[in-house]
Structures are given as structure tokens and as C-alpha cells.
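In this document, chain identifiers A, B, C, D and E correspond to the written order of the chains, with residue numbering beginning at 1 in each.
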Amino acid sequence: MSASFNTFLKLLVLALVLAFPFVGSAFYTELVAKGLILAIFAMSLDLLVGVTGLVSFGHAAYFGVAAYVLALLTPKYQAANLWLSLPVAVLVAGLVALLVGFFVLRTRGIYFIMVTLAFAQMAYYIFHDTDLGGGSDGIYVNFKPSAAIAGWTPFDLDQPKALYFFILVCALAVYGGLRRLKESSFGSILQGIRDNESRMLAMGYATYRYKLAAFAVAGALAGVAGYLYGALYGFVTPEYLSWHQSGNVLLMVILGGMGNFGGAVAGAFAFVAMQEFFAAWTKHWQLLMGAVIVGAVLFLPGGISALPARLKRKPRESADE
Amino acid sequence: MNSYSPKITSPGSIWTRTATVATALACAALLPLGNAQAQSGKIKIGLMLPYTGTYAALGNAVTNGFKLYVEESGGKLGGRDIEYFVVDDESDPAKATENTNKLVKRDQVDVLVGTVHSGVAMGMAKVARENNTLFVVPNAGADELTGPLCAPNIFRTSFSNWQSAYAMGPVVYEKRARKVVTLTWKYAAGKQMTDAFAEAFEKAGGKVVKEMTLPFPNVEFQPFLTEIAALKPDAVFVFFAGGGAAKFVKDYGAAGLRASIPLYAPGFLTDGTLEAMGDAGQGLLTTLHYADGLTNAKDQAFRAGYAKAYKAAPDVYAVQGYDAAQLLATGLSAVKGDVSKRAELVKAMEAARIDSPRGAFTLSKAHNPVQDIYLRKAEGKENKVVSVVSKALADPARGCKM
Amino acid sequence: MDFVSFLIQTLNAVQYGLLLFLVASGLTLIFGIMGVINLAHGSFYMIGAYLAFALVAQTGNLFTALLLGIPLAALLGALLEWALFRHLYKRNHLEQVLLTYGLILVFEELRSLALGDDVHGVAVPAIFSASIKLSDTLSYPVYRLVISAVCVLLAIGLYILIHRTRIGMMIRAGNHDRDMVEALGIDINRIYLVVFALGVTLAAFAGMIAAPVSSVFPGMGNQVLILSFVIVVIGGIGSVWGALVAALVIGFADTFGKVLVPDYAGLAVYLVMAAVLLWRPEGIFKS
Amino acid sequence: MSDWLLEAQGLQSFYGSSHILHGVDFRVGRGETVALMGRNGMGKTTLLKSVIGLVTPRGGRVAFAGGEVTGQPTHRIVRRGIAYVPEGRGIFPNLSVSENLRMAARPGPGGRRDWDFERVLATFPRLSERLDHGGGQLSGGEQQMLTIGRALMTNPDLLILDEATEGLAPIIAREIWGIVREIKSSGIATVIVDKNHHALTALCDRAVVLVKGQVVFEGACAALKAQPEIIQRHLGV
Amino acid sequence: MSDALLRAEGLTRRFGGLTANQDVSLSLKRGELHALVGPNGAGKSTCINLLSGDLAPSAGRILFEGRDITGLASHQRSLAGIGRSYQRSNVFMPFSVFENVRLAAQSRRPRAWRVWAKALEDRAINERAEAAIAEVGLAAQRARIVGEMSHGERRQLEVAMVLATDARVLLFDEPLAGMGAEESMKMVELLRRLTTDRAILLVEHDMDAVFAAAQTITVMVNGQVLESGAPQQIRASAAVREAYLGDDEVVHE
């Protein structure tokens, strides 16, 4: 019953997000789209933090770089081609991650956390302090990417619903792909590295290579999120690369529960919903946000996805009989 | 981290279930809000300003000024009641379009008012242009807002960066300075200010010998002070604001430079920071479109009213908020509160002559105030007016195609 | 750059480096010795500065303010350790990052509620308000030199505390094996309480004595936070000398970066950090 | 009150979810040397940890020197006069030899100061040659001497030695046994766990044998030696 | 020389001023269980780490099947056919027995990069893992989570993991440590069985086990080889008795 119930739940969620643009207002449709994008972002980080055991505190760099690629590829009075700009943005984000990973993966633990932060800060200052991409004021993407293929346009991203569903498809693809990846040989190697890297080395795995691959893949997927974010809001600023952004996505992953991408999705949505509700409620909403975070750490180890097991530990034991 | 590691062989049903439930709940929770805002007879005004972080004080002052005028008008503009929708923009450009969308798309406000941070204001302008929402800027000085980004629905009641710095050029020249060094944070506002100053100063015949910048929001000025001391210019022109401004002025004084090299700046250097500067700030000359000690009746009434309502002295930000409400009132009165008559409303606003506490001003073609710029001198906690250095100064509105 | 300017810039670099060390010293204790990643460290710095402002406003004297502020900060630290951090020692770094991230928001809002959002200044104490003439145009404020001296004294004091006193031995031992320290009859909880309170006090103290030169403003904690981490990490976690050296390195990178490559000054600090860690992945003085 | 120095009754302890101790009674008299025996995994270490509170028993009570200590934090229990040398030695590798010793120094119950830095060094002359070495740089035997020396610095009434000679070469082990003898003769009560039953029974006054978390034998060591079948059945190869 | 699977010649390793291994030479033959004994700190673990590639020697060279492998990193040596276990159990605690061994087996296959196929569907690897599990006698436990198993079972698992990598040279660092007598017996039995077509280097303190199982014993003291030969030869050596075994009588008394 458990497996079918899960499938049922997943289908329910799917139905809900599919139906949302037809029931919710434009603003909330956009908000759910934002949630989906952040979910992609959080899932990409979860591949590093939850699956491979690499705590990156600079993941926003790849998100931001891809957004900038979109902005720079979009001509001033014309739309960029989706089928060109999306792959390029993702590729660039992945390559930047590959380059950064080449250096940072030589360090471990706390040092790894800090060096990833250092590289992200460098990327931040490159966009913040130079004229590339409009400096601290950011840069506009005045036109949403066009999906035209040789004159034929299958869908128009200027239509909010089309954009929404495009984002949804991306999110589902990333979710499915990452689930599959986790269960592949590659995925089990990553999990082995998370649990005991020295043992993996002793068994003949060149772990550095696998970590680097995971780092680049995570960077590229963060790039997918960054690209979509830039397209959705039409505005790119260096703040996309800031350490707050890196902190927020880490927050989503931990809040949701690590190592299984569904947790990252839940974390992203919980984060968006919390921001929305608290800010609507009071001027001092950050106080509530902070208090919730502190409370979550103290009383909710393991994140949202560990919640029901904690809540109904006893009934579950008897139910399993 | 290992304590979290899920067991590779476990079916993982619990997390999946919860994650799904959580996602579903989050989605579902957002649904009912979709149509929550019913139509009312009130004019909906969206205030998007910083209420947390570095610029919170400025956001509060703008809000107070705006609400003060509305209160003075009996809580109505153009004969209709007002309903406020307030969003904290956190001075975070990354959230600018999204936060603006909250007001424009969720709350469907009739007028958008904001904000302090230029980057955020640019994001707001973009959304306002796309949705053709009436937008009034009560502070952000980015030249673009009434330059390349100008639009019939975008108005500003504050200043352009160009205005406040340009006026300082001739002043410095007249003080017999020929060689000047500029220093500012390396971001757009800083560059616009120092460029405008250089434009005016070099037109007058002086020369900017070095333009120095430091990364925003770094406040370690010592290396620059050492360099200034070595360069020995006739004067220094800077742009800083807030905490950084207070620290710079103190450091400048402590390095002994105040005695030998005069310091000039746009008024943001000394607005709201004089108390923090202490003695170091005394006597500083700055240019701005508002000053303490103005003699016009409007200002006196405004100050009295503000002090009564908020138990505090108003500042330039409060004035700008107040004028934003005045400008709106002019437009709304012309259409008797019917916001659907957009063309008439805009026309009335364009033609408005605002009786501001700063002195009356009109709007340029690009919707930026054409206003007097004062030279002010810091005395005590006030920036006392010295003279009007630029009468009815209009921003050149470069790049505006309106 | 002529030679005199170079010397003065070197002085600037050293002085800035020492100031950074002062801010980072509390972090060295909490992060380096106790192994807790405390993102709220910058908030304690901010709280210290606002305490100095509020207390000077009441008492009119920075020394009295310090006298009152230091115990207050220690009390705050002890309270936080007791209520929150105590539960974090055995958790992983991620949860520490998360909890202290939440605390940043809480402290910033509480500060706003209690003291408002205005920029404030604190007067330099009269006896240190003089300046020393360095060149015909430039002089150096005595108070900055006083801060430098305090920083050096503090570095020495911290070194002695950690490496020469019994409580220092217990702290280091506890960092390695808490249970064994307990089994030797030492109340490790109380030691951690003291160390944490000390770390918070150091951060707040840094904020207090820096207040007269830096002014007091919202968000000031975030500016020093990342830099403090950079310093502790470059220096080698848990090493007081390492933090001191790293702070000086950063001081030089920042000062000369601004002078020589102004367009990339923002990058300079992080370039140095990345370079150091690639050269020595566990910091200059790994312990 | 009883005359026992340490008296534990009916201890029930768990390790995670597995039930390790099933109602163990364990006593040590003043100045007595007790051998705690049993194969691996029978609960010896858990019993010792339960006594000093490093494992919190879910049932039973512990009294030391006439005072109830059940449920108290470890540091408070041991301050009544217990020193614990854990399996694997538990030295602090990041502290020097002399720091390892000095950090633990304290007067014993009633302010007794029989053992101080000098006396410990006199007992372990090898350590005095390496005072400035980091604890991690010592050989296994030296580490064991350091932990015993550190334990003595607390002037205990009871010394607990878990796996006193594990991993040590016989020649070093012999040296350790000599030291244990010396400690015994100084009047400190000891509880010793060790694989070397010959050495242990040659030394102890009383023995307790644990099997699967229960006491299967308690009695004089002489009696145990006289019953080789017990050793064979519960401890033997 | 040709019958030696693994040969170490003149291995020296210095840590700062300390020489942990000095001029150590050993050879491991197929079908031989070679025990490396010596007092704590004699350099046995360093020696194993040098052979497995976890440490690089300061001097000397290592030959595997006649090929110089001194420059290979640990994972390359593992791929070449040298497997090791660690002094402390070094397994993947949250994984099942099967998953642990499967991961080890998978390391022999180049398909590690396949990111699309489900790992659990690779039959060849699964079979190899099952075989290794059966060989060490853990078949009944294959689905258990390692974190919940006993110490002895984990050590068995480690052996299975080494076997799953098809290693021809097995380096075991104190596999009996912390085991009860019965478990030790079973492990010694297992080691004997494994020796038939492999070479095993065993570092161990349990002298009874060493003398019962080993064909060759090498005694190290202070980082150097003191004596190497058949068990009888070692037992008879006065130098070994003096340095290592000591005189047991004082203890027996």
C-alpha cells in the first residue's frame, strides 16, 4: 500500500501544479514557477550536499553565471533563441563549475565550505565591479527567449502559461534525471564517496574524478535554474551570485531534508511560502523567518521530510506489524 | 553529515511522502490568495520600500512623508479613499521584479511608489513599463529612471544623481580649486555622481586629476586618504551615504586632511549622518535639493506637521515622500479620482507645479523635478542653507525618447 | 608610489589587519577551538557597536560603556550557549550554518525594534583624540594606534589563554574528546559556556572599540562576517597566530589592492584566500 | 550504608536500541582489586561506562563512597574519586605529555594530594623524557602510561582500567602490570579488564565474569583459579 | 624471484625526523600467508600503507608481478590487484552488506560512468558481489545494514569487499583486533582458505593466530626487519624473543 500511496501522492502534486495556472492568479502562478526554479536549484545542490557529501557554500555562482549568459546573449531589442541560449548558459555554468571544482575539490570539510565561498565571491565581484553585465545595477532581459526553430514556434514563452509549463517540464526532467542518476553506478559511487571516501580510493575508485563530475553536473543544473530565473523575471543582478543566495539554497536543502531530491523540492517550496506569508503579515517578517529557522534546527533534525516519521513513530511501529 | 545519509537500500517512502505532502500543501496554500483582493472603492497604492536592512530608516521616512500628506488631505486623494499595500523590498535587487509583481499582479495596485535603492527601482521600472502601471519614484536617483527608461507612466519626485552632483562643479571651482580628486564606491550611483561633477567642474575650467573607487560597501578608507595626502589636490569630491559616509568623514578628519584639503559632496553625505559624524562633520559643504533653514511657509508648515505626527524632525526623504503624494493628488484631482483616465491623469501630473517644502518645482519632459539646488553647510545636526547654487536645474535626461 | 607613501600604506595595512584580527579573534575561539560555525558572529560585532552607542549615550563615556557592555555581552553569550548552541556541538556543520543564519535575521530585527535603523556615531575618547603628524598633509589618529595596541595585547592574551593555562588545555582537550574530559572530572559544559561567552564578548568588544572609528549602522555585522571567516580559514582553524598572520595578509591584500589594482580590489581578498588554500589546503598554520 | 566503595545494583543499560546490561550488580571494596572478565561484546565496557555515567543506565542505581550518584553527570560522579582509563587510551594527541598530565590534576576526595606531577613522572620515567612531545607522537606503551599517569593525577580512590594491555607488546605489557601492582599496593582500589587472564588472576582479589550482560560468576580470584572450567566455559579459547 | 607476486625492496619512509620504515624488504608469494608482526610503533602499518599506496616511500621500490608500481596511487594499485583492509573497520555504515560489496565489485568495471542504467540491474557485478559474500560466509546477512552489525561481522564484510575487487594480493591490517576467540578462529580459518590462489600479508598481534596460520613470519622492530622466516625459525630466534615476545614467565608466575 505504501508504494501505491506514494505514487498517488506524487500524481496528486503533479495534478496540482499542472492545474495551478488555470486556477491561481497570474502572480501566484509566477510564484509557483519561482518555487519550481528554486526547486531545480536546490536539487542541483542536493546532488552535492546530500548525495556526494560535498557542502558547497558557493552554489549561487553557477546559478548567477547562467543568468548572466542569458542576459548577455539577449540582444537589446530582440529575443534570444531558447535552443541556443539555454544550452550555452548551462554549458558555461557547467564549465565554470568544472574549473572551480578542479581547484576546490583538493580541500575538505570546513575548508571546502570556505573555498567554494571564496570562488563564488570572486565571481560575484567580477559581475559587481566590472562593466560586464551592467555592474551592481544589473542588466535587463527585455525579451523572453524565443522557442522558434527555423521559423516554426512551438510555444511562446511570452505567454505566462507557456513559460510556466516550460519551467515545470524542466523541473520534472531534472527531478527524474537526478533520481535516475542517483540509482546508477555513478550515483552509488557518489554515495560511497559521501560515506567513506578513503575506502572508495582503496577499492580503486579515482574519487576526485567522480567528485569533479558531480560538481560540474550540479553547476550545470544550477545553471538551468539561473537561466530560467533570469527569463522569468527579466532582470539579472550580481546579487544572484551573493553568499546570501548560496546560503538560501543551502537552507532549502537542509530544511527539506537531504539526499533525496524530493526533500529539496519541499524545502524550496517551504522557503518561498514562508517568505511570502511572513512578509505579508508583518514588517518585521525576518524575525519570524529567523525564529522558524532556529526552531527547525533545534526541533526538526533531518528536515521536513523526516517530520512524519518523528510525529508518528509509535503508530507506525504498530502499523508495520 | 553521515547521520543524515539515507540508507541506500531503504525504499525511502517516508521522505517521498512527506516531501510530496509538503509541496502539495505549499501549492495549495497559495491558491486561495489568488482572488482574495476584491474590488473596492479605494485607490490602491503600493508602497515598496526598504523596511529592513541598511536603508530601513530611509524607507520609513518616505512612508511617513507620503502618509502625512494623505492625512492632511483627509485620508483621500482625488476625492477617493486610499488603501495601502506595503512590501519590504529589503534593498535587494535580486528580488526587485518579484516584489514589484506582488504589488502589480497580486494586489493590482493603481499606483506604485518606491524606492530607495537604485537597482531595485530599476527593477520596479521594468515591471511598471511592462504592465503600464503608474509609478512614482520618491528617492532612487539613478539617471536611467528619467533617462533611457523614461516612460509616460514613470515619475520621480526626488532627484537624479546628475542633478545633485552637477551643481557642485561650479561651487568647487569658485572656491579656487583647480585640481580635484574624486572618490566613491564602485557602483552606478557613485559613477553617475562623480561623472556629473567632473562634467560641470571641467566645464568651469578645473581638472579632475584622479578618480578613485573602492568596492561597495567596503569602508576601509585609509589607503585612499594616504594617496590623497600624497597627491595634494586642491579639493576632494566624494559620494558616500549612510554608515559609510559617517565613517569616511570621521576618517578624513582624523587623518588631518580637513585642515588642508576641503571636502565637497552631494548632500547624501551629511543627511541623517551628522549626529554620527560628531565634530568631524561640522562645516561640511554639500549640494542638495533640500536644506534645513529654508524660509518658505510650506516648509515650516510641513515641519510642524511632521514633528507633530511622528515626534521626529523630517529629512529630505520625508519631503520626497510627501511630494510623491502631492504629485499624485494633483493628477488624481484632475480626473476626480478616476484612475482609468490615464492620459488625462498623466497630463495633469506633467503639468503640475508642486508646492514642495523644498521650494516649488515642476517636472521636466522626462518627469524628473526641475528644481533649485542648495548649497548647505553642516551646523550642529542640521544642513543649513547657504545659497541657491543652481536655479531650476533640469536633468539633461540623456537617452530619454519621450 | 614613493617610499614615504609606501611606508604609510604599510602602516595602514598593518593597522587594518590588526583590526580585522580583533573582529576575527572571537571567531577563532568559537569556530576554531569549539568547532562551531557561527555565522552570527557578525551580529555580535554589530550588537557590540550598538551597545557602545547606547551606553555612551547614557553614560557619556566609552570606558564606562565598555565596563558595562562587556559583562552584558558575556551574559548574552552565556545565555545563547545555554539555550541554543549547547544543542549544536554534536550536530554537523550544516545545521550550525543554518541555525546561526537564522540568528542573523533575528538579531538584525531585534536591533531594529530596540534601537531603530539610524546611523550613529560614537565619540573617540578625549584622551585618545589627538593625531600624530606623518607628512605635511597627513596625520594618524592616536585612537587607531590604540586599537592596534589592544589587538596585539589581545592576541598575546588569547595565545596564553589557549596554550599556557589549564583552562586552555581543557578547551583543547575537549575539542578532541569531550567524553574523556568529562571522565577526568571536568565539567565540559561549563567550559564551553565560558569559551562561548568569551567568543561573543570578543566580537562585541571589537564592535565597541571599533565604534568610534567605524560609526554604527544597520548591516555592519555582515560586512565583517565573511572577512572574519576568511581570516580564520586562511590562518588555519584553531590557530591564534594563524589568525593574526592571516589578518595581516588580508590587510595587505586589501590595502595594496585598492591602491595598485583599484578595479579588482574586491576580488583581491578572495584571490588571496583561494591561492593560500590551494597552496596549503588547511591554512597557513594548521593545528 | 554499606562498606563498599562502589556499589551498583540492577543496572540496565542500552546501546542504541540493543539491550546490553540485564540487571548487573557490581561492587568494589576499598583498596580492592577487581578483575572484570568476559569475552568481547559481553558488556564489560558498557558496565564501566554506566558506572561513571558516560552511558546513562535505564534502570538500577549506583552509589560511590556512600553517596548515591545515579543519573548524575559524569564529571560529578568521578569527582567523588574515580579515575577512568578507557579502552583505546583516550589521550589528547593535540596536547603535550606534560599538558595531558597537568590538565587533569586535582586533589582527591578529602583534599588528598598523594599524587602530583613529580610523583607521576617518578613512576613513569619514560614520560619525563618526552614531556614536550605531543600525545599523538607516543608509542602505544607510552600512551598507556600517560593515561594511567593522568588518571593518578586526579588522586582517585578507584582506578578503572579498561583493556589495560591491549595492543601492547608483551614486554611493554609486563611493565604495565608492574605499575598496576604498584598502584594496588598504594591502596587505590582498581577495576581491571584485560585479555590476559593469567596476569589478571595473579593480581586480583576478586573477579566478576559477565556473559551477555549478566554476572555469571562473582568471587575470590583464588576461587576462580581453582575452577578452570569456569574460565574455559566463559572466557576460554 | 619470479614466484613472488609482490616484492618490496629497500622501502624507507621518513616522517620529518622520524624514520618509520628503514630499508624494509619483503616478498609475498602466491598461496602464502605472510604475517608481519612486531611491537606497537614498529612500523607495520606504515609498511602496509606503503604497499597499498596510501603513503609514498621516501626510498625503495615495489614490484607487482615483476612490474614496478612504486609510482602508482592507491586506487591504481587497487585496480592492478592489490586489496587491503584497515586497522579500524572501514566500511559504509548506512549501506547494506550487499551494497557494500557491490560497490567494491563495481570498481572493477569501466561502466562506473554509466549514469542512466540502474546500478542494481548490472547482473555481472551483482553475481560477483554475491560470490564474495558467500565466500566469507555472510550470505544470510546480505540485506542487513552494516551499521547494525557486530564488529566481527564487519571485519568479515571487509574481507568480502577486498575479494570482490578480485585482488590477488591481500593486505590485512589487524583483522582479528577486537574479536572474540570464536570469531578469531573463524577468521583465521577464512584467511587460510583464501590463501590458496592469492598472497596475503597479515599484520596481527594475536600470536596464537599468527603461528597457527602463517607460512612465513616477518618481525619488525623500530622500523626495520629483524628476522624473517618460517614460524619455527622465528620461535627459535633469541633476538625475536628478546625484542618482541619477551619472557612470558614473569606474567604467568
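The rule is short, and it goes like this: a residue touches a chain if its C-beta (ideal position, glycine included) is under 8 Å from a C-beta of that chain, and two chains touch if they have at least 3 such contacts.
Predicted model only: the values in this text are computed from it and were never measured.
Shared contact partners of subunit B and subunit C, listed by label, are A.
Ranked by separation of Cα centres from subunit E, the top chain is B.
For the pairs A-B and A-E, the count of C-beta pairs in contact is higher at A-B. Centres computed as Cα averages put subunit C at a distance of 44 Å from subunit D. A separation of 71 Å divides the Cα centre of subunit B from that of subunit E. Subunit D has its Cα centroid 53 Å from the Cα centroid of subunit A. For subunit E, the set of residues that touch two or more other chains comprises 93-95, 99.
Shown for subunit C are the residues in touch with two or more other chains, namely 94, 108-109, 112, 263, 265-266.
Within subunit A, contacts with two or more other chains are made by residues 49, 55, 125, 128-129, 188, 191, 195, 258, 284, 286. Residue ranges on subunit B touching subunit C, taken from their complex, read 1, 3-4, 52-54, 56-57, 60, 186, 212-215, 217-220, 222-230, 232, 242-243, 245-247, 250-251, 254-257, 260-261, 272-273, 275-278.
Subunit A makes touch with subunit C in their complex at residues 49, 55, 57, 103, 106-111, 113-115, 117-119, 121-122, 125-126, 128-130, 243, 247, 250-251, 254-255, 258, 284, 286-287, 289-294, 296-298, 301. Contact residues on subunit A toward subunit E in their complex (touch as defined above): 180-181, 183-189, 191-192, 195-196, 198-207, 210, 213.
Residue ranges on subunit C touching subunit A, taken from their complex, read 37, 39, 84, 87-88, 91, 93-95, 97-99, 101-110, 112-113, 226, 229-230, 233, 237, 263-267, 270-271, 273-274, 277-278, 281-283. Per the touch definition, subunit B reaches subunit A in the complex via residues 1-2, 4-6, 8, 11-24, 26-31, 33-35, 51-52, 86-88, 92-94, 96-98, 101-102, 105-106, 118-119, 122-123, 126, 130, 142, 144, 186-188, 215-216.
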